[in-house]
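Note that chain A is present in both complexes that follow, paired respectively with chain B and with chain C.
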Partner chain A sequence: MTALETAPPRLQGPGIEFSGIDLNLGRTRILDKVSFQVRAGSVHALVGPNGGGKSSLIKTLLGQMPHQGELRLHWPASPGTIGYVPQALEFDRGLPMTVDDFMAAMCQRRPAFLGLSRRHAPAIEQALARVGMLDKRKRRMGALSGGERQRVLLAQGLVPEAQLLVLDEPMSALDEPGVQVFEQLLRDWRQAGTTVLWIEHDLQAVGRLADRVTGLNRRVLFDDTPQQVLTPERLLELFSSHPRQQEASS
Partner chain B sequence: MTTQVVRPAGAGHESLWVAVLSLSIILLAATVISLRSESHEEESVAAHQIDARRDLNAAEQGIHTELVVALDEILMLQDELQTLPEPQQLAEEGIPPFTNDSSTATRGHHVWQLLHVGDDYAYQGLSGDSAVAGSFLLLASPADADIWLNRSSDVVAPQNLHADALIAAGWRQVASQYDAGVTRQHRH
Partner chain C sequence: MSFEDIRLAIQAWASAGYLPEALAYGFVVNALLAGLLIGPVLGGLGTLVVVKRFAFFSEAVGHAALTGVAIGILLGEPYTGPYGSLFGYCLLFGILLNYLRNRTGLAPDTLIGVFLSVSLAVGASLLLVLAGKINIHILENVLFGSVLTVNAQDLAVLALVSLLVLGLALPLYNRIMLASFNPQLASVRGVAVKPLDYLFVMLVSLVTVAAVKVIGAILVGALLVIPAAAARLLSQSLKGFFWLSVLIATCSTLAGIFLPIALELPVPSGAAIIMVAGLAFATAAIARGTLPSLKGNLG
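Let's turn to the complex of A and B:
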């Protein structure tokens, strides 16, 4: 959710290489020898059923999981910024936190109660403008609709500008204008050469917007272009079978 | 091109750091202790000596301590009388171990007398029961109390009060050691 490291802007994003990633939490096997690559500067979608390990894979990528196996980021130059947009934000609806407060808390080192820092204010303003939330920046976070809150989450992923964006179901709560905003953002990122790893349930959106798609249900079931893999048979295989049965049959 | 490896999260690194920290604390403590430690060597008494703390029995320790204290009184009386007081006078003054009381009885009925050998004087206490306590000899010198012990049952008055002669006659010097084993004892 935060910028891990900062680097000179306008750099091409990194390639990501997952090779043989295993993840066990307790006695539950979450990921089983997950191997695939995300090409630098591509929009890579991750699809699969609930509980298939998509969010866990992303947390592994962010270094928050005790995984086994090799996970490498191939940066074109020195390691840059990773932006993360979470699936949802849990907080008390009555919390007196405005959109500005939230952006300040996420994007700057200065304590949020001292207001926006002068250094980050233009970037934050621009990010809010890009997601169309500039006129609602003084609203309480709890008073926003789900789609609006999702847009604010997207905005915090834009500051500081990241070379790798990790999005965990950003479209799930987006309303129609929000979807358009997101598609515009995806186009911008593609143009700028930003690598985007994107978890999505909306397969139509994936087919329209992603360069490549990986089906994940504990293991990698397919990894190809959307045109190749988003076929009814593949999707039935991905979504209908239980991981355990699948393992027994294979 | 820079390759960044994402390391797994978990308590592994943390445990390693805690272990390294613990180990460094132990090493530091061990170093400080070894640098500041002093070797304690057991001091042994000479062959002709007997250790006042370890080798005397209870009755002998009592008499030895009383003799050490009595020497001060004896020297004071000597100043007054211009001669060494007889054991009888000391008993009249109530100075142990020359008095004849119940502790004298339990400590072996020593019979005290002032010996005059050549130019030297000594108080000799012959034990009535050498199984309870040996015979004592207090050399009347103004320096530290010089006390000798003889545990044989047939002690005769020494003909010479020099150390070599006493050793030859079977006497052993009572030596007080002041080392780390002593915690509350003061040198008199």
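Let's turn to the complex of A and C:
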């Protein structure tokens, strides 16, 4: 074991505290007194059925949804960078936009049609290399497979380096090599002390890769380590239409 | 150096035989200068119009210009350049449309359909009132563009609007595009999505109104769409998309102004410009269907 592997992770990322978060859209209750904590520097998975409020909670965290209750980010020092990897992009598949163009549009001010800026080119190249897309940087985004596009979305989440990463189902379209890339990224983030909040449907992957998992179906149904809570009974309750009122196990 | 100096110099060179004979006429030079100012801006902004799927909106703003002209003339503005009412009405049209899109959740094409119809109804009614007061043929110039009436004031307005649009749209180009790809991601990356949407609507409105004199209210929206659409068919990267769109828009504008004069064709400038752009689009479509390097790309 090397010195690097034995060294404690640098706690760069913030802790997150959701406390009694309520969210109503019209007459519909989307989130009901959602309370749990995300430990700084951990990989925290959020699981639950579609319509269970996972994406709404993410929007709340990103400041895009008016809500009641308290949401606190506990940064170790001054507030750092938040990265976000969406599930998909809305764009015209025939648009003549290469992977490099897309990365330029995401990461730099200089208009993307003028090419990569000198300042951002090394970071973009490194990010594409980390997700295994460097050899496809001149291909059009619309010509990529779903898994390749997902890797590019992961790459944009790496520039600039974020201390808090919010991932919205990043594995949904990944093929096996893509899954390996993602697992390596998770290892890197954990080692760097980056806080990762990760929405995921693949419960096997959550069981394998997350430090902690919260089950959300409008309210928090469980919040513990994957080994403790990813049991058939808990999952049956989580994915049933009318979950029983239950306190979070934390 | 003012536009007047440039015009006089070009006229002198044409009279001396160094440039085509048609350039000896002041109005031709003015019109070409106008084309040189507005063509690249329309081509460049057009790429964002296509990316954001705002084609129908730019058409609607162009049509709204007709009502703006009618209001301006009714309010006593000069019929050769009622810019106050034109800019005022078209900006209001765009801003209100965007506001209602955000507030009502209606699909943009539905709202544009409503706004376009109502605006045309108001415009048609006002024009009927105006019919007894002014020579209604003046409105043909507004509808289809006229190179005969481009004056120094029009060139100054075009230059100002072009500078403003370039000054705002170029530094914000990536952000405007990003906001259309994924508003949530854009927001996390520090893009003020809604204000930027309003700004884009205002830029399209401004450039549309500024180009009405040359291209005409009916056709101005098309020059925001056709060059970018043709460039999209031929390009493999944003670089090619942007610069090809600028090139096609500029060449179409200059050719559409110059060819009817040089060939003595009784075709309004706006119609000629759009026909040249349409020819470029048809060529691009054929090239895409036949050239092996372009064939098979998702279009």
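FYI, the second predicted complex is superposed on the first by the 231 of 250 C-alpha atoms of A that agree within 3 Å, B and C clash if a C-alpha of one lies under 4 Å from a C-alpha of the other, contacts with A are read in each partner's own complex, and residues count from 1 in each chain.
Here, a residue touches a chain if its C-beta (ideal position, glycine included) is under 8 Å from a C-beta of that chain, and two chains touch if they have at least 3 such contacts.
The model shown is predicted, which means the values in this text are computed figures rather than measured ones.
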item: Partners on chain A (chain B, chain C) - clash or fit; value: fit
item: Touched partner set for A:Leu236, first chain B, second chain C, both or neither; value: neither
item: First, second, both or neither for A:Trp75, with chain B first and chain C second; value: first
item: First (chain B), second (chain C), both or neither touched by A:Gln64; value: both
item: Which superposed partner A:Ala129 touches (first chain B, second chain C, both, neither); value: neither
item: Which superposed partner A:Leu25 touches (first chain B, second chain C, both, neither); value: neither
item: Chain A residues touched by each partner, larger count belonging to chain B or chain C; value: C
item: Where chain B and chain C come nearest after superposition, their Cα distance in Å; value: 11
item: Contacts on chain A seen with chain B and repeated with chain C across the two complexes; value: 62-64
item: Of all residues in chain A, those that touch chain B in their complex; value: 14, 60-68, 70-79
item: Residues of chain A touching chain C in the complex; value: 59, 62-64, 82-84, 86, 88-98, 100-101, 104-106, 108-115, 138, 140, 142-143, 166
item: Contact footprint of chain A on chain C as seen in their complex; value: 47, 50-51, 53, 170-171, 173-174, 177-178, 180-182, 184-185, 187-189, 231-232, 235-243, 297-299
item: Contact set on chain B toward chain A in their complex; value: 1-10, 12
